[in-house]
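Each structure below is given as structure tokens.
Shared chain: chain A. Partners: chain B in the first complex, chain C in the second.
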Partner chain A sequence: MMERSDLLATAAAVLVGLVLMFGLPLYADPFQVMQLTLYVVLAIFALSLAFVWGVGGILCFGQGAFFGLGGYAFAIAAINFGDTTGACALALLVPALAAAALGYFMFYGRLNDVYLGVVTMVFSLIIWKLINSTAGPEWHIGAARLGGFNGIPSIPPLNVPGRPSDQLDPLQIFQLALGLLIAVYVVMKILKSSHYGRVAIAVRENETRAALLGYDVRFVKLLVFTFGGMIAGMAGGLYATYQAFIDPNVFSLEMSAKVLIWVMAGGLSTFLGPIVACIGLQYVALYLAENTVVNSQVVLGGILCVLVLALPSGIIPALQDLAHWSIGRIRIAFRARSEVALQDGAA
Partner chain B sequence: MFSLVVMIEVLRAAAGLVLISTGLMIIFGMMRVINIAHGEFLMLGGYTVVMAGKAGVNPWLAMLVLAPLVVGLFGVLVERLFIRFFYGRMIDTLLATWGLSLFLMGMVTVLFGNTVTGVSVSLGSVDVGGLRVSGYSFFLIAVAAIILIATYLVLRHTKLGLVARGTMQNPGMAAALKINPSVVYMATFGIGSALTGLAGALLAPITGVVPTMGVAFVAQAFITVIAGGPAIITGTISAAGLLGSVSQLTTFATTPVVGDVALLFVAVVLLRILPNGITGKFFRRSI
Partner chain C sequence: MASELVPLIETTGLTMRFGGVVAVDQVYFRLEESELRCLIGPNGAGKSTFFKCLTGQHRASAGTVKFRGHDITGAATHEIARLGVGIKTQIPNVFNGLDVRENIRLAAARGGKTRSQIERIVKDVLDRVGIGKLARSTVAKLAHGQRQLVELAIVLAGEPQVILLDEPAAGMTNEETERTAAIIKEINRTTALIVVEHDMQFVKMIARKVTVFHQGAILLEAPMAEVLANPTVRDIYLGRRIAA
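This part shows the complex of A and B:
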């Protein structure tokens, strides 16, 4: 069960989210709200890795693969069915199955951290290569042409389940995405403090000890990894429907690097941190890339290097420490002054 | 005769894998430094040849001497300024070198543009029973063999190799024997980088030089070294031989992309069966 302070913080975060979800479409500029949708979708993606890495201790370098699989599954299914209900289900199912299959080979082969990182990265690269080479018209699934490096254009927007003609407008998609973000956040919080979450954390902290206590380490990791893959796929599906377009760059190393940076910067131990870091760093990267000669890769790479070198625990935990430290200093200073005053009074 | 050509092509694929993974087998296999920027070191080797070509340097000189020298020195620089802070922290090394990889790729794109530059060196072609095989294939196979033999001889039969292997096994003991581990690490990383630069330069005429050329190789290089296992030279030979045949034979039957997929699929299945790589189970006493 959650601790009281944690419960309060979660409730506050959910409240802020709900206020934004219903308030922004009423009061903010519609165009800006639409743009915010992208950040919300990417925040869900950030949460997927925050869970896999932060709770399960599985360093996945190819989280972008599941994001992309979700997006492609949604795009292909939506174009074929003409209705997005089944597409939504496939956007969750395909990445989850892919994660389960890859996870089976990795965890049941007992690969350790570093090999895990490399194998997940290789997995993502191979899909990237594969999809990139499907440019010709002979590559199609049903009515959907894969398009290779050109991507898949004109992906239909989401519709009300079962009613293909009732399409959601962009503001409703924003509300849906934010609603899903809140839901994923709450579910992850609950999972983390549940029995299963604690077992996963025990496995992360000490695999041998958890195994000796009778837990099947491989299965626990597989579950965490599959769940993370599914959430990444959900974000990918939303991304595809929001952009109405998807290309193989979702499988690129840059995509997987970005999400890793958000989680690192936000702090591994939290869920709120990665969301804040994702939105903040996306703004920074966009601003820097628009206003300077350097491109986004230089910015991303630079941020990653500096983070690992200077702030391995993350920007937001470092800021928290700084805040605690300065409050402590102010208290000490205050106490010292009052002691001086007392001594003066005594003298 | 067709089967002979297939065999030469399989050998060439294996030689390619050996080339791209020898530098990594030293940096990752021996030093346990996961260098995700390995692909970008290859790319820098390619760009060294391009730049040297523009300056009018003989392409062979640029490929065989200049590229390893430049990338080796760059490796030493990177090790001193960056990598050495991460020894023993594998996960941080991964993240840091990934940052380095993106940074280098971005920088080269800014400086040289995102275009493919060709490098042309010609060795003609050789007639194999009516079929023509590029002379460059034989050259690559020969260089890969020379690199493997030279690395083996240095590691096994010279003091330098002994010092390097000893330091990687137990830096504290090496330091007690008046060897400065920090210098050994720097030199080893430099040599690994130089071999990587050489490989990048040698592959440049085949693939062309682009800022993203490293991405195409990094996965294969890592998979080869990991599938090879702890004995670095025997491991690299056996893994490159196995994976090279799989990818090349599949490529003949289908397309190069399917060949790549087959390579990675076989490697992942291999790791499921032999989690410590080929030499974790077989040839355990070799280097």
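This part shows the complex of A and C:
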């Protein structure tokens, strides 16, 4: 069960999402909408880590691995099948299985804290190295050449399930991506407030106590990690079809670090925060890159430093605090005035 | 004859080594159904390690642990907990970031209970431990003694068959200590307990049969009065405080 205020906030966020989903394609410049599509896809990626890290307390430094596996699984399957229906399923399945396998060894081997970070990061970098070295024509899966550091070009666009000739246009892909973002957001909200989510939070708060109460800590973490891997894979698949291209840089350190920053800047304890931070920081980066007066990376780095120093808990939690504070002030002011009025009345 | 009944907990030659250190040494221990046992002994006597072997937090180097005749040696912590072994650890293990109510709810909710059953357990436990007023407080903000009571409530909410309490009265005010002693006696009407405690005043309040640990082994197992009168126990543990 969600609390009432939380339910209202979620409903409001969903409403805004739906308005954008149906409104933007009608009124906004198509190029802008396509730009936004990419950010929406990356926001789904951000949510995957927000769940794994924020709810499960698993600091995954290689979330890009599952994003990339989703993208590559989609690309290879779509090229081979000539239909994206099965490719979509594989974009979820392959990263979920990879996360389950990696998670099994980490959690049943009782790895914790910084070791999890190191192992997940190395996992991603190994795949990066591996895919980078598959440039020769001998590296192919069916009709799809892996392409090594050149990547895989000409990934087919999404089609209506079962009808390969019925391809989605860019605006429809935007609507699909935003629809999925909203769906993932709602599902995560529901999961977090369900019994299973609360057990996951308990495990994050104190593993020993959770185990002493009879909860299988390893299994809980494995489920959270696998689910996060699957959602990252969904984002990766969308990314591959949106760009019609994918290269090994999805497995790079930069990809996994970026998503950590979005989650951190937006607010680890929220789902809305990482979405806002992801899309917002992408626009800031874009704007800075267009204005070549100063090096955009330096400015972006400065902004991140300020964010971390000034708002350590993240953008959305800071806004929530500000809102609570303001409401409190208004209440105090209102009460003071009514007391004055009462005294005046008595006099 | 009592000795022919299957004991609630029975250890046979239980040994726990850390490298060259033998923390628990060949312990043969029996706890009968609905018994209240106090475990005393100086620091480093192996009491907490013994508890950790019982709950599966440590895997014993040798020997066996049986729960109602089932061999649970080497079983995972959560499996032992599901059999009905509840423990309050020496340093409170609570969910710091959550409120008291949610802490207790999580303990009550395991094992497919209905929502009304869970609510009933939570309410009941809050009353029994007397922390209803703290229900909405975040555990991290509470004083040490209050956190101890919260952990006791968590353990009770799991409805265990046997409860292990490791220094339940540490860091408590006199009033809280007395309340804890009363709660322990009340719990013992339905549930067996093993209590580790340093505070002899507290042990005197609740004790019947006492097991004295010394250097990882059981030194003596006897009623409280006999333990207090034993010269060796005085020498190694009780010292002048009781002798005086």
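Everything that follows uses one rule, which is that the second predicted complex is superposed on the first by the 291 of 347 C-alpha atoms of A that agree within 3 Å, B and C clash if a C-alpha of one lies under 4 Å from a C-alpha of the other, contacts with A are read in each partner's own complex, and residues count from 1 in each chain.
Keep in mind that, in the parts below, a contact is a pair of C-beta atoms (placed from the backbone, for glycine too) under 8 Å apart; a residue touches a chain by one contact, two chains touch by 3 or more.
Computed from a predicted structure; not experimentally measured.
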### Query
A:A211 contacts which: chain B (first), chain C (second), both, neither?
second
### Query
With the two structures laid over each other on chain A, which partner does A:L125 touch: chain B (first), chain C (second), both, or neither?
first
### Task
For A:V199, select first, second, both or neither according to whether it touches chain B, chain C, the two together, or no partner.
second
### Partner, of chain C and chain B, that touches more residues belonging to chain A
B
### Task
Pick one for A:R110: touches chain B only (first), chain C only (second), both, or neither.
first
### Query
Which holds for A:L268: it touches chain B only (first), chain C only (second), both, or neither?
neither
## Note on the structure
Residues on chain A touched by both chain B and chain C none
### Query
Across the complex, what residues on chain C touch chain A?
55, 57, 76-78, 81-82, 86-87, 89, 93-98, 102, 105-107, 109-111, 154, 158
### Task
Spell out the residues on chain A that touch chain B in their complex, using ranges where they run on.
59, 61, 102, 105, 108-111, 113-115, 117-119, 121-123, 125-126, 129-130, 133, 253-254, 257, 260, 264, 293-309, 312
### chain C-facing residues of chain A, complex
195, 198-199, 201-202, 205-206, 208-217
### Task
Provide the residue numbers of chain B that touch chain A in the complex, in ascending order.
34, 36, 82, 85-86, 90-92, 94-96, 98-107, 109-110, 215-216, 218-219, 222-223, 226, 255, 257, 260-261, 264, 267-269, 271-273, 275
